[in-house]
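Two complexes follow with subunit A in common, the first pairing it with subunit B and the second with subunit C.
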Partner chain A sequence: MKTRKSTPYLYMLPGCLMVLFFVYIPVIANCVYSFFRLSSYSADMKFVGFDNYVRFFTNDTFWIMIRNNVLYCVISLIVQVGFGTVIALLLESSVAGRFRNVFRNIYYIPALISLTAVGLMFTYVYEPNLGLLNSALKALGLSGWTQAWLGDSKLAIYCIIAMSQWQFTGYITLLMVVAFQNVPNDYIEAAAIDGAGPVRRAVSIILPLAKEQFLVCTIITVIGAFKLFTEVYSTTAGGPGNSSQVLGLFLYQNAFLHDDLGMAAATGVFIFVITMVLSIIQLRVSRSGEV
Partner chain B sequence: MTKKKTLTILVNILFIFLALIIFLPMAWMLVNSLKTNQELFRNSLALPAVPQFINWVNAWNKGLYKYFGNSLIVSGCSLAGILILSSLLAYGLTRFNAKGSNVIFLIVLGGMALSEQVALVPLYKILKAIHVYNTYFAVILPYIAFRIPFTVFLMRSYFIAIPKELEEAAVVDGYNSLQIFQKIIVPISKPIFASCAIVCLNHVWNEFLFANVFLESKELMTIPIGLMTFKGDLRADYTVMLAGIIIASLPMIVLFLCMSKQFVRGLTAGAVKG
Partner chain C sequence: MKKRFFAAALATVMAMSMAMGAATVSAESEKKTIKFFHRFPDEPYNSFIESKIAEYEEAHPDIDIVVESAQNDPYKEKLKVVVGGDDCPDIFFSWCGEFTERFIRENLILDLTPYLDADPEWKDSLMENQMVNYTLDNGMVYGIPFRLDCKLFFYNIDQFEEAGVEVPTTFDELLDVCQKLQDAGFTPIAYGNQEKWPSAHYIGTLNQMTVSDEVRAVDYVPTTGTFTDEGYQKALEYYQQLIPYFNENSNGIAADMARSNFCMGMGSMYYAEAIEIPYISDPTTGLNPDLHYGMFKFPEVEGPGNPNILTGVPEGFVVSSKTQYPDECVEFLKWFLGKEVGTEQAQTIGWFNASIGTTEGVEDQSLLDAYEVITSAEEMGPWFDNALYSTVCDTYLTATSDLTNGDLTPAEVMEKVQASALEAQTLAASAPEEE
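Moving on, here comes the complex of A and B:
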């Protein structure tokens, strides 16, 4: 095709500018901000060196946040990725029956609801007096098991984690189902002729051939765990006390409630380092195979 | 064969049990959204004496319609921006053998690794500085920018596979590169446009972090933040609130049930959560 040398770049320019201006520059600016003390209401910036980082790492809630984010991460890996994959295997197995697609779609539905709607819905489910959970326990004669749920500082974070498992396990299941469907049937049949049972086929043929998708699922789950924000914001807002505080919410509260943008920026850099490393692994993995 | 049948039954019992876990909170919410508040307080597990569809009407009239309209405007503009800019970018990257296109692609793709939270504080300042804070553009611009990397990633792999011969024939017919894009590339790529659109829509429609920070006035709020405000406005009117949550959630679910094929393809081509 006869085109001027600049033509392709003209097509690329608007999109690139958008990404540069609204993604790259803010992220770089955030790294700079983390060394300053600054406010939303004025343009003044005061260089404070590593002070924001010192305050961040020595903050009372630092270890609470790390514990909560890591808890969320580990439980999500077990339930969403682990159990979700097992369900996907069952849905794709010969014993699934003819409603497999119906079940697959049902399990995916919660992932379509906004995080705020799910959060609000579960605040009613967990509500101590009229909520679904305590009402059901009472109806089953298990009044002794009723709890304050989100109002209990020991339970709150687990309630939020449980809610997320409800919402996203079906999403991972769906991703894994499609990966399993891409495994060539010949391989599975050949293994069956060689006498491999269904469990053996799953472990030795299907899972290894879908391992890239499995890795992608693992990584998006881990990244999601460290970006956690809306789920906590819409249910407990970090409470009771600071018991369900997480990194993302801490950033938000420092920036827009305490007007401590420097501290928020330092928190952002911390999240950035974690998610960046994991995203690079994800890109590597998803580019190496046909994910 | 009987062993297989037993297994099928057992596995399906498990499937039904899991489906119940998914449906139970939603069904409970649906039932209670049709009750009066007194009925809800008396027993949240009971069915309503007379279904109160008025709750849904109230939820809609008490502000939800406004948030809905805002979400439509924001999602529509964002979607158009994302698709146009990403497809042009992917076109420039793939169909010209342009020098440096691999580097540009990697830089754009790198944007996928940067999370919204890390950009939050500076974006807030930038949006204020360019005087778009608390306007529709305050969320539309970041939504477009943050979805471009992912969408380019999907479109690029699709465009690369389009045979060169089609373009060569068009060049003979005297088409310029923009006409080739409009009349050949875009029509052929409809499936990937649909997949990208649907995945981006799901993301934009439900986005909370940016909308919560960059939109201040009630007149502009999208559904996810609108719902939070709604809760504050309604206070003890639980049943109307529940109706609001349902109305807010329906569009994406209905869309999924109608277009699950495009959904699945878009989701699996580039798995990104949240």
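Moving on, here comes the complex of A and C:
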């Protein structure tokens, strides 16, 4: 059967157009908007050059946001990806035994709850007077350990990070379990016959073969860390003071609270650049595609 | 060939369904559709609004009112997005002051003055001291209040008696009362500042007394505000003196949680809005029947300001200037925010509107007391957080939240506010809407 040269391109056209309209054009428009001052209920735009960027980088909260996002990122990498992978290895090893499925489900359930619901739930856990956490500490005779948690400027961001670890470690675990199951049994058995113990098998056979998935998990976690929004919005909204402010929430507040869409666009561009650079670095470092 | 036939059949079906769709649209459009957007999705308020609208539709078969609602913060965001577009609701809830005035600058709000002038009976049925809040300096009336409000200290009568204290009238007396309550083993003031705006009500009220009216008027306008008057710092210092008497961890507690604590006796006083009365105790539903509470105005503070201003402007509805049916919208509001519905509203949900004489059948004495305070007020003061430019407000409240935690001093807070006010001057001056 003869095909015209243009035929395959015609098939590709709808998909390309959709990506163009829903991904690339908004990204470019966002970059353009970041040089203007504009509000959502007025059609006028005013060119202000780099003013939005200057205000963004000289903002009091800029370094607080960077610190909070980086903290979230680092802790999530250690706990979710690191610890989650270890749990996945344990689940796939003989240690888990016949309760394997039960454990897997228990770990995964938190990831199924909506972020807002979790946020709301944890505001009750962290509530200083009647909250679950302080009540539990008091019941254990540890009254001295009780804190204001979300109300404490130094602790608020850690409380939010802890909440996310509770929610998403199981998710990463599940992703890693799937990858480990795809590792051919022959290799593992061959290694076992050669005398490799469980740790050796995990480090030398299973993990390298699941490298791609591991990479995906780190990228998801890192990007998620810089897009962080709902967890903070539904618990402290950046408070007390600005102590738990993050980039995503800052963008949102500027767009919808302060009607400063230009500033919000500039923040968006910054988040985009950061996540893109980090993803490129990760892909380069891990030399994806090679086993 | 089969394929061709199939395609043709599909095309016919499509064309027919489109024609039918068009037909139904034209049938419906004979009815006048009014889109109505409010921010009271909670019960029983939502049901009350829905039932009144259903009643109106029954009496006016040509009118179809489509209701939408959202909670406070999402409401603000949604409204800002739709109000400038073609999809703007015909009638919507809007806070008086800067919140609505920026829409007026864009010609998005219908001027109600001619309608009021044409119907003097309607005009005279509305409270003057409340309507003034929905009136511009040039006399344009842009909204009609739906619920009256004011900020009052609610206090637990039993705990006051036990501690042997009287209702304070000055700030020093308030501190004295707090100390005595604390000595008697009570938490003097229930306070939850997790959402940051509760502090605005303290600061706003104090500012009205420590800063003169003229200075405040200049500072609350974004293009001229500097906040350099020393009265602002004084207000924060007064606030700071109250911090030891708040419950612990006030920054970690939500405002409604603080209210619950007050209701449960875990706080002898609570600085609350009159509209919160139905949440605090309700004889009809048996909510907190054992709580004996009274109300008093914020104790007076010496200063160049005006202690007679009562904090808390009313909240109401405005009409979009883009509406196809301005007359019908105004006609509906006239009824919905009028005396008849207002009386029923006060009886069933405990909120008064701005029509004169809606207290008939209201049995809750607290509601009647609050009504008396509001209607006899010389002047209402704005909600501080709505009165300020949003970035200045954000800085003010964020810094006050740090002050509450002991991380900043009043002087440091004002430094931040002043810097933010300066930035806001340039921002507001360069905003496209101002051109």
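Note that in this section the second predicted complex is superposed on the first by the 252 of 291 C-alpha atoms of A that agree within 3 Å, B and C clash if a C-alpha of one lies under 4 Å from a C-alpha of the other, contacts with A are read in each partner's own complex, and residues count from 1 in each chain.
Just so we're on the same page, a residue touches a chain if its C-beta (ideal position, glycine included) is under 8 Å from a C-beta of that chain, and two chains touch if they have at least 3 such contacts.
Remember, predicted model here, so these are calculated numbers, not experimental data.
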Request  = Using the touch criterion from the header, give the chain among subunit B and subunit C with more contacted residues in subunit A.
outcome  = B
Key: Which superposed partner A:A265 touches (first subunit B, second subunit C, both, neither)   = first
Ask   = Is A:C217 in contact with subunit B, with subunit C, with both, or with neither (first, second, both, neither)?
value = first
Inquiry  = For A:S42 in the superposed arrangement: first (subunit B), second (subunit C), both or neither?
reply    = second
Ask   = Is A:N105 in contact with subunit B, with subunit C, with both, or with neither (first, second, both, neither)?
value = first
Task = Kindly classify A:E92 by the partners it touches after superposition: subunit B alone (first), subunit C alone (second), both, or neither?
result = neither
Task = Identify the overlap between the subunit B-contacting and the subunit C-contacting residues of subunit A.
result = 40, 256
Parts of subunit C lying in touch with subunit A, wherever the complex brings them together = 76-77, 80-81, 83-84, 102-103, 106, 108, 194-196, 247-254, 257, 261, 266, 390-391, 394, 398-399, 401-402, 404-405, 407-408, 416, 423, 427, 430-433, 435
Inquiry  = Quick check on the complex: what are the subunit A residues that touch subunit B?
reply    = 1-3, 7-12, 14-16, 18-19, 21-27, 29-30, 33, 40, 87, 90-91, 93-97, 99, 103, 105-110, 112-117, 120-122, 124-125, 130-132, 135-136, 139, 166, 168, 170-171, 174-175, 178-179, 213, 216-217, 220-221, 223-224, 227, 229-230, 233-234, 248, 251-252, 255-256, 261, 264-265, 268-269, 271-272, 275-276, 279-280, 282-283, 286, 291
Ask   = In the complex of these two chains, what residues of subunit A are touching subunit C?
value = 37-46, 48, 55, 60, 123, 126-129, 148-153, 236-242, 253, 256-260
Inquiry  = Please output the residues of subunit B touching subunit A within their complex, sorted ascending.
reply    = 4, 7-8, 11-12, 14-15, 18-19, 21-26, 28-29, 32, 40-41, 43-45, 85-86, 88-89, 91-93, 95-96, 98, 101, 104, 107-109, 111-126, 141-142, 144-146, 148-149, 152, 167-168, 171, 176-177, 180-181, 202, 205-206, 208-209, 212-213, 223-225, 227-228, 231, 238, 241-242, 245, 248-249, 252-253, 256-257, 260, 264, 267-274
